[in-house]
Every structure is written in C-alpha cells, then in structure tokens.
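Only one structure is covered here, and it is reproduced in the block below.
By written order: A, B, C and D. Residues from 1 in each chain.
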Amino acid sequence: MSILIDQNTRVLVQGITGKEGSFWTQHMADMGTNIVAGVTPGKEGQLCCGAPVYHSVRNAVKAHKADAAMVFVPPKFVLDAVMESLDSGIRLIVTLADGIPLHEQAKIRAAALASHAVVIGGNTSGLIAPGKAMMGSIPYWIERVYKPGRIGIMTRSGSLTNEVTAMVVAAGFGVSTLIGVGGDPVPGARFAEFLPAFEADDETDAVVIIGELGGTMEEEVAEAIASGRFTKPLVSFLSGRTAPPGTRMGHAGAIITGGKGSVEDKTRLLESVGARVARRPREVGSLLKAALGERN
Amino acid sequence: MSILIDQNTRVLVQGITGKEGSFWTQHMADMGTNIVAGVTPGKEGQLCCGAPVYHSVRNAVKAHKADAAMVFVPPKFVLDAVMESLDSGIRLIVTLADGIPLHEQAKIRAAALASHAVVIGGNTSGLIAPGKAMMGSIPYWIERVYKPGRIGIMTRSGSLTNEVTAMVVAAGFGVSTLIGVGGDPVPGARFAEFLPAFEADDETDAVVIIGELGGTMEEEVAEAIASGRFTKPLVSFLSGRTAPPGTRMGHAGAIITGGKGSVEDKTRLLESVGARVARRPREVGSLLKAALGERN
Amino acid sequence: MKLFEYQAKEVFADAGIPVPKSVLITGAGETAAAVGFVGLPCMLKCQVLSGGRGKAGLVKLAKTQAEAEVLAANYFAGVPSLHAVLVEEAVAIERELYLALTMDAPSGRAVLMGCAEGGVEIEQVAAKTPEKIVRETIDLDRGLQPFQISDFVYRLGLRDDALKQVGKLCGALYRAFRSMDAELIEINPLFLTKSGTAVAGDGKLSIDDNSMFRHAAYEKGRPYYASDMEFEAAKEGIPYIEFDGDISLMCAGAGLANTVYDLVNYEGGKVANYLEFGGPNYMKAGTAMRLCLANKPKVILIVTFGTIARADVMAEGITKAVQELKPDCPIVACLRGTGEERVDEIFAPIGLKRLSDTEEAVRKAVAIASGRERA
Amino acid sequence: MKLFEYQAKEVFADAGIPVPKSVLITGAGETAAAVGFVGLPCMLKCQVLSGGRGKAGLVKLAKTQAEAEVLAANYFAGVPSLHAVLVEEAVAIERELYLALTMDAPSGRAVLMGCAEGGVEIEQVAAKTPEKIVRETIDLDRGLQPFQISDFVYRLGLRDDALKQVGKLCGALYRAFRSMDAELIEINPLFLTKSGTAVAGDGKLSIDDNSMFRHAAYEKGRPYYASDMEFEAAKEGIPYIEFDGDISLMCAGAGLANTVYDLVNYEGGKVANYLEFGGPNYMKAGTAMRLCLANKPKVILIVTFGTIARADVMAEGITKAVQELKPDCPIVACLRGTGEERVDEIFAPIGLKRLSDTEEAVRKAVAIASGRERA
C-alpha cells in the first residue's frame, strides 16, 4: 500500500492542454496513473493524452468521479484552480508552479485546512508512489532514485531529493511514497500531516524527511513523534546547517528569522524525541539501517 | 428539559453596560438566567447587574467559561460582536437588534454555518425557557403568555407571538422553549434547525410554528417532517395569507417574490406532510388539542 | 430603497458595465435635445418604480424626432407624478439574457442568477421551467471567484467572446452588488448586440434599507413613493401602505398587522391602509391616526399585543390623538399586553372601550364599515 | 523585495499611518535645505537595507545644522554605495512599541505581532521572553476584524486614547500589508509621542517577490543589492550570494546548493559564492561561470542531480563556457541525473572528468582550494 495515491486514484488534470500539462500528463499515464479527465476552459469536447477535456472541474467531476486533481497552470492562476477543485469536492490536489504569490499561498493553505483537504505544493515536483502512480513532474527514467520499496519520503527540495533518495536506494531500500511538499514559505501541506498515513501504511517501514533551515515543519514532525502520533523510525537530513542567519539562500522559506528555524535547533528537537538526523546525505542510508535493525 | 438554554447555561452579555443591555440583563437575571459575565470594551473591572465586566469576550470566556452570548449592541456592530463570540468558541448567540445591514446578516448566517453554531436573530426578542432562563427582551410579567409547559414554539414575529402563544396557553398548554428566529430576511438561525432538538426533548410534546409569507423557512420545516427528522405533532399559524404579491408588508423577508413564498403554498406543503395549519390564531389551540389527542 | 432605472445604470456605468447612451429628461421640452444626443431610433422610458413598464406602455420606441416629442408630451401629461423620462439609444440586439444577484437566506451567500432568455418575466420562468435558470452561490468573504464565473457563463450557454464579455460583466455586477449593499441587482434584459458587446438594457437595483447609512448620497424623496401619505409616513419612520378599502389598520408589529389584514379580508372587509403602530412607533399614536384619517376610512381598527410597547402608553397616545384630531369615524381598539389593566381608565374621557380579542375586534370593525353595526 | 525605510514610510503615509516629517537627500549638499524643512533637532538616517543601523552608527541625531551637515558629509563619503539619507524630524517620545505583520505558514493566516517594548531587537525578545510578544492571527478572506484589533491593543497594555489610536493604525497597517503583498511589514519603534499620537519611527516592508507583477512601480535597481555582481546575477534571474571564501559554487537547486555549502564548511573550505544553476537556469552555464569567476575563486565546484534540468545539457553549457571564458582556476564537476551517461564524452574537449559522488567532489574542491591538491 502507498499513501495518498495508487493505480486506482482517479486523477483529473487542470490545464491539461498546455505545453507542460500535456507533456507531464503523458508521463503520468505512462507510469500507471489513472488519468480520467482534463480541464481547460473553452476546450470541452477535445481529447488530450487520451483523456476527455472539459470546460470546468465541475463538468469533469460530474462525468468521471475524479478524486484527485493535478494542477498545471501558471502561478497566478493556481489559487483559482485549487479553489475550483475544492469546490467540486476534490480533497487531494497537487500543484507544481514555482512563483505563487505569497498571499495566495496562504489562501490556499487556509482553504485546504478549512476543507480538510490535502493540497501539495507549490514549488515542487509532486508526489510519487513508485510503480503505481505519479502526480507531478517526476521522471520515471531515474530508477536508481525512484525504486519501489518500503521507505516513505517527504521533502522540501528538488535536486537534493534525488541526492538523498539515491543514498536510500544505494543502501538497499526503496520508496513507498515520496511527497514533495515544496519549497514555498507557505506550502499547502506540511510534513507532520502525512505522518498518520505513513504510520497506518503497512507497506511503509520508516520515513525519511528531507528538510532545511527555516520554518517549523521539522519541529512539527518532532511534536508528532513526541505525542505518540508517529512511532515508526524516522531519519532526517536537513540542509543549511552552516548557513549564515538572516541570509536567504534558495527557497524563500529557508531563512532563519526571529532567532528560530536553525538546523541546530531542529536537530536537537528531532533527536530529543528519538529521530535520527544525518549530518551528510550519505549517512541517511546507514541511519535507516540502524533504525530498522534496532526495531526488528 | 428545555432546548438550548436552562438555569445552567452560562450567559455572557456583550454590551452589558449600555442602557438596553443593563436593563434586560437585570430582567434575565431575575428570570433565573445564569449571567456569568459582561463585555464592554474599555470597562474591564467594573460590575454590572452583579456580573464582572471585561474588555473582550476572550477575557470573559477565559475567566468564566461562558457558553452562550447575549448581544446588546447597535445594528452595525452586531456582525463584529457575533464574530467575537464565535472566535472564543461560543456556539449559542442571541442578537436582538433590528436594522443589521443585509450583507452583514448574510455574513453572520454563513459564519454560524461554518462554525456549527446557533446564532438567533436579529430583529427578535430572543429566546425563553419559561421558568428556567431567558435570553433577550422577553418580559416575565406576562404570565398568561409565557407559562411553562410542554409546547415548543418558534416564531418570526413579535406581537403576533404574544397573540398566538396566548391562544396556546388559553387552550390549557404551556411553553417548553420559545425561539424567536426574528423577522430579518437572512436570520442567523432557521426553524428547521431546531426540530431535532425539539424531537429529542422529552419535555416537548408538540411544536407550534408562527410563520409568515416570504422566504422558505416553513418549506424547510415541511421537508424535515417529510424526511422523518421530526415526528412530533406540529401546528402552524402563518400570517399574510391575503397579502398582495410583490408588496412588502412589514418584515423585509415577508414578501412574495419569484412566484414563491405564498402562505397558500406553504400551507399546502405543510398539510401534505401531516402538519396542521391554523387559518386564525384562535385555531392553534384546538389544532394542538386535536393533534395531541390523536397521538395519545 | 429601490433605485430608478437611470440611477441603476449610473451605478452600472461606474462599475464598468456597458449601458446604452442616454439622457434623462424631466420635461417634454428637453426631448429634442436628448434625441439629438442619443440619435434615432430611440427609446423613451418612464422612470417609475413599478414593474411591467413595457406592458403598461411606459417604455416605447420612437423612430422620428416628432414621434419622440409626442410620446414625451403624453408621458409627462398622462402618467401620474412622473418625474423623469430616460431617452436612450435603441441598441441593435442579437439576443437577450437575464442576469441578477440577490441574497440566499439559507446559506448566507449571494446568489448570481442567469437565464439564456432575457426580457421575460423571470418569475414565470422560475415557476414553469426552473431548469432554465442558472445559479451560482457566492461566499461573501471570498467573493465571486474566477472559476465560478467561468462555469456560470458556460452553463448559460455562452461561448468564446460572449463568454468572456458576460463573464467580465458578472464580476463587475458582483462588485456593484457588494459596494451598494444591494438586496437585488438585476439586468433584464442584458443585450448581446450585433456588434458583439454586452450592454445592460434595463437596470434594477435596490439598496438594503438597513445599509442606507453607508449610502447617504441617495435621498429617498417623494418620487420614490406611490402617494403623498406613504411619503409622509416614511418620513416619520412608520411602515404604511395604502389600499382602496375603508378600514384603516393601526396594528402593533408586522406579524400581527398582517394577521389582522388577513382576518379583515376573511370577514369580507377591505383595508384602507396597513400601518405598524408597534415597536419603535408605539408612542406615535397622533401621527399614525393622522395617516389613517387621510384615507377617510369608515373605521380605524387598532390591534396590539405589546410587551415593551406598553398598552397603557399607547392608550394615552390614542386618547390624546382623538381629543386633538376629533376623528369623524369610529375607532375599534383591541389593546393587550403590558399595562393593559389601565387602558379602560385612560380611554374613559373619549368614551372608548378596550376589546381584548382580536377576532372580535375585526368582526366589529368590518360590521361598522359595512354599515351593519354602529360604533 | 525589501524596500528602503523612506519607501516603507511612503506606503505608511498613503495608508493613513502617521510618519515624522522628513526629506530624502541624495547628496550632502541638500542637507541644509532638508534641515530647514524638518527643523532641529533632527535625525539623519542612512538608507541601507541591512539591519542594525543604529549599532552601526548609520542613524544619528543632529542638534544643530552644522552637526547635520558634518554627519551627512561623513555618511556620503564613508558608507559604501550609499544612495540616500533620510533627514527626519526628531519626535518627542513618550514611549515606544513594536508592531509587525507577517504570514503564519501553518495556519495560512496573517499574523499581527506587537510588543510593549519597542526599538528593541524583537528576535531577542522572542527568544528570551516570548510571553512579551502579543499575537493575533488573521483570516485573509475575512480580514482583520474590529474585535481582534480591540483585543490585541488591550493585550499590548494600551488603554483609552492610545488604544484607539494604535488600533486604528493596526487596521491601516493590515490594509497596507495586503495591498502591498508584503512578506513582512514592521514598525520598530512605533512612537507614542508626548502629544499623544502614534507615529511610525522606522519602517520595514518587503514585498513578496512572486507578487512583483502587481507592483511594477518598484524597480529593483543597484541600490537594493550588496554588490555589483549580485545585481548582475539578479538581472539574469540567478540566485547568487557573495561570501569571502575561495570556492565558487554552481549547484542545482536550493536544497542541494545549501547541502554543498554545508559540506564545504565541514571539510574546512570557505565558499566564495552561492549560485543556483538548477531549475530554470540550467541552460545558463556561461553566465553562471562568469559570475563565479568575478570572485576570483581558487576552484569552481559544480554539483547537480537534475531530472528536468538535464545533465548532458548542463555539460554542453559548461564545455562551451570553459572554451569561451578560459577560466584560470580548476573546475570540479559532479553531474548526475538525466543524460549523465553522455557527460564524459561532452567534457572530453575541455579535459574535464565527471565525478558522481557529492562528498568526493566537495573534498576535491576543498583540497584544491587549500593547495593540498592540484586539479
């Protein structure tokens, strides 16, 4: 079992006829994802990647009972696209765009909470249950990274995810579900929210968190462990350990402000609740082995 | 048992130090209502009608665990007062003011729905469980109207409520709980929403609805009966049976628009589901007797 | 407060909604200049608040200037208390739509309504073919969202350019609805012109009375009322409607007043006026009675059951009013509630006897009006 | 985009937030006129974006015009690339507060923060006495509601007139936060003056970079950057930060770049510049390498692990850049991901060998920089 998606998830693609939309829809389909419909205003009746295209999400959902939405629209239209899918009752939405205005990121997050929905992104390459389904722009050709297996992975990064996941795979493991929550300062979904599903998933043995300085997502993970909501082994790698405070290096959210959010603090907190924190990507594999060995 | 309120309800009064607020707070207290605190910005630390006054609802709720709020503020401040109590977790709010701007009535209604709260009013004299507690401006001195008993009453009117309730009492009955939902076009709470509580209340034998032309509240009651959500006897009196269509007589909500909302239609619908509809106030008593006799 | 068409269209124009070129004239002498400005053919539209202007002949097309001048002259001469006529360019129409915004009470949301057939009586469409009316409800905090507009206009059957134009117009209409605190805002018909644009053919807009403090620029003068007395009553804050019967009501509260109105009709009587004497107005007996007497009724029927509106205070007011106004018609008074025990004593100087049963009072009033009984 | 104090205060003034009287001068010669306008004593405040201006001596009080002129002359002569000084009236202060608005990620709400002690470093207050910071979170759809303001200012310890004034100011600050798409808006200190009014003593405002399309009036020119090269990089859309080390990074993606930065430090190396060569910039090898070379590094360290950002395309760019720019320092290249199997072949003409392990690459670069190893 993967969490969130598998071959049976009925995926609708918003912005399916765009260049990026049609390219990645084809890849998603090739990876086993069940693409049931697409939406592009004004193009109802067309076909794209074999999927029927509708004017609106309502029409598509009515005809195809979609239960997940993949959003390929430019950053300034993402809020509306997410609201449209929420309005039609869709409760899993993935949005990749880098550049969503901050106040709209916040509205997306607030709407996700109010609707009890999962909105993954933006500024991510999405979500994959290797061998089953993919929602996003994760290419299937890198098998040494996205090999099926029993480790859940959550990440705020792109390239670093390849770096760390390759170490996980090199250590003999594979991936059950990988969730890129994205590098925006206000992501639609946060690490800790997925821990209960990983906890319940009998095909996930442990979870790897690829975090970074700034924000409080890693702290929330520590809290979930402390409160007993997550009991499986958890290994984390955090980038930005030596980053100078107050300097924004990379992701807008990756900055130490108000004396908070340093990798040191996050490490101390995670280790205090029994999680393992790798200092280097390479250590993730050995820490995973140690954690799972200890458990078994 | 009454519904919504009794002697144990912990009532907070917003706008307690105003002329109207302090006058009716004293009456509420005299009728047995448990007034735990009052709120008037800038007057924290004072006493009013024996209750401690706070600057904000948060302070009052923190100190006194209030679970109901009585709002005595001018119409254009009602929305903010309601939002303030909702923010503090209060889920029963009564607001009397006549003159709340329509768009703010709508925001109040929407907020009540979103918070799963009961907001009674505006444009009403409130709520009474005779002999137990009162929230509003219902005077206790008219005993021939507000006599304790086993009939639940809901109304959109003021004086007409006295007229009809006097007939109920004259027929030998009394009142378990009386709820004035008010005469505004967008009231905070609607008849049908209270039917489950009256259904569950073992001290309520039957319900009387005092409705009028316009809107769809009576239709919603008929629907609740049709769907089996309410099974006790229900008697209704509806004013405006001969009102000319398109003319606004009285309450802003009391108008037939779009060919809908006539008393004829409401009567037909209510009678079709087994409710009794009095043509004259006097008939309410005899219809109640008939309904309860039939049942027993 | 219902606005006149020309005012609604001013609001539309400010909101960016296209309206036909027009000139408002307040006398027939201004017709020629107005026609010169808007061109021919043109429409002459009486600015009255009642519905069904077309059927009543209050909106007509003029093909020549002479026709326009005759029409205007007839309107100003013939339509009671007409204050203005809108002279408007006649738009070349491709098709007509219906568009409106109002409030949906159960959800506390605004509702945008449209129909692909405009110019019709939407009430009849709603009653006979409700599936033809397209609806979209709007959370007031979030506003009308782009995806909602897109789906709404698509469901209305619009495509391509018309879809975009009407969509943009819906956004503007919603902003006007919110900023005007409107109860109802309606464009019926909305023209889609042969040149491919959307233009408001007519305009209805009523501002919520409770929100008038935010719209002080609108003053509700005499033209907004059906009669001088309704205008007078409004100035006093007394709900008052004239009918053509002979029993004047002075009743406490809307619900009870409506009930008495019904009971009078049941008994075969006819109401001369509806008047609310309750709530904030219970101390205005003199003004209320003066408003009733203006209709020269055969009887004044007073029914109250007040709590805060004390019966004794009302009785004092009625006594004083009778002494001052010396009405030449009988009064039937059924006063109940707070202080009722003092009413008979207060009424003694004017020889009035308090009744305590509404139906008895109504029957008595109807009997008096019909001549079967004397006061 | 961080605004300068004077720009933030322009936004405040437009929003109705009181600010001290001030004149912006761009050269010492304007000082006398400015002092003449704002009066004495006055403050001279260097318009730089770095924090801690007070400690750095970049904000000073002048009691006389002569003092002001000397100060201004020293500032313009001594502060690197200073473009303007704000000459501001010295306000008679009763007390100081802290006020700020930012976004709260977990809730997706705005958060209004205040502290009864202003002028302090709020980070230190947050770390040492977090209970002194008063917070109010705001639903963006509903906005900052009156009851929230009332409770917030009360919790800040304000009463009576100060409560009302600061409350009104909070409303204005929130409107500015929203309309400016601000990441952060801060008044520190907020003065309560002896005459009883609230005045913004300082102003910080940063506009969200993703929202700049709605704020086209602000152009991010040279003064907004710490160095010429950072300005150049920004014009190219390449995230780039200068440090004082000797290893120039060209890394794909923020997370991996930060990781390499950490690993370099672990190995005892020092970074000359951070540079993101991933995402939308993976085809800009030439520009990226030119930005690195500007720092005269001892080695350029390239680390990527791309999927959409293809390794072979990056290798082609690097090869071309080396051929054109002829860097006089060695290059260490660890390229993985899509097309990695073609990299060695592409690198052949420039004699570069692809590494495939990040730590190996970092160790090699550090060894080169320290002189322990030759490329």
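Heads up, the rule we're going with is that a contact is a pair of C-beta atoms (placed from the backbone, for glycine too) under 8 Å apart; a residue touches a chain by one contact, two chains touch by 3 or more.
This is a predicted model, so every value here is computed, not measured.
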| item | value |
| --- | --- |
| Label of the chain whose CA centroid is most distant from the centroid of subunit A | C |
| Mean-CA-position distance for subunit C and subunit A (Å) | 56 |
| Cα-centroid distance, subunit A relative to subunit B, in whole angstrom | 48 |
| Length of the line joining the C-alpha centres of subunit C and subunit D, rounded to whole Å | 59 |
| Multi-chain contact residues (two or more partners), subunit B | none |
| Multi-chain contact residues (two or more partners), subunit D | 139, 141-142 |
| Chain contact graph, described as a line, ring, star, complete graph or other shape | other |
| Pairwise chain contacts, counting only pairs that touch as defined | A-C, A-D, B-C, B-D, C-D |
| Subunit C contact footprint on subunit B (complex, rising order) | 75-76, 98-103, 105-113, 125, 137-139, 141-142, 155-163, 166, 183, 185-187, 190, 210, 212-213, 215-216, 220, 237, 239-243, 246-247, 249-254, 257-260, 279-282 |
| For the subunit C and subunit D complex, residues of the former touching the latter | 139, 141-142 |
| Subunit D-facing residues of subunit B, complex | 41-42, 44, 55-59, 77, 80-81, 83-84, 87 |
| Subunit A-touching residues of subunit D, taken from the complex the two chains share | 51, 103, 105-110, 122-124, 126-127, 139-141, 178, 181, 183, 208-211, 213-214, 239, 241, 251-259, 261-263, 265-266, 274, 276, 278-279, 304-309, 336-338, 358-359 |
| Complex interface listing, subunit C residues touching subunit A | 142, 145-148, 150-151, 154, 159-160, 163 |
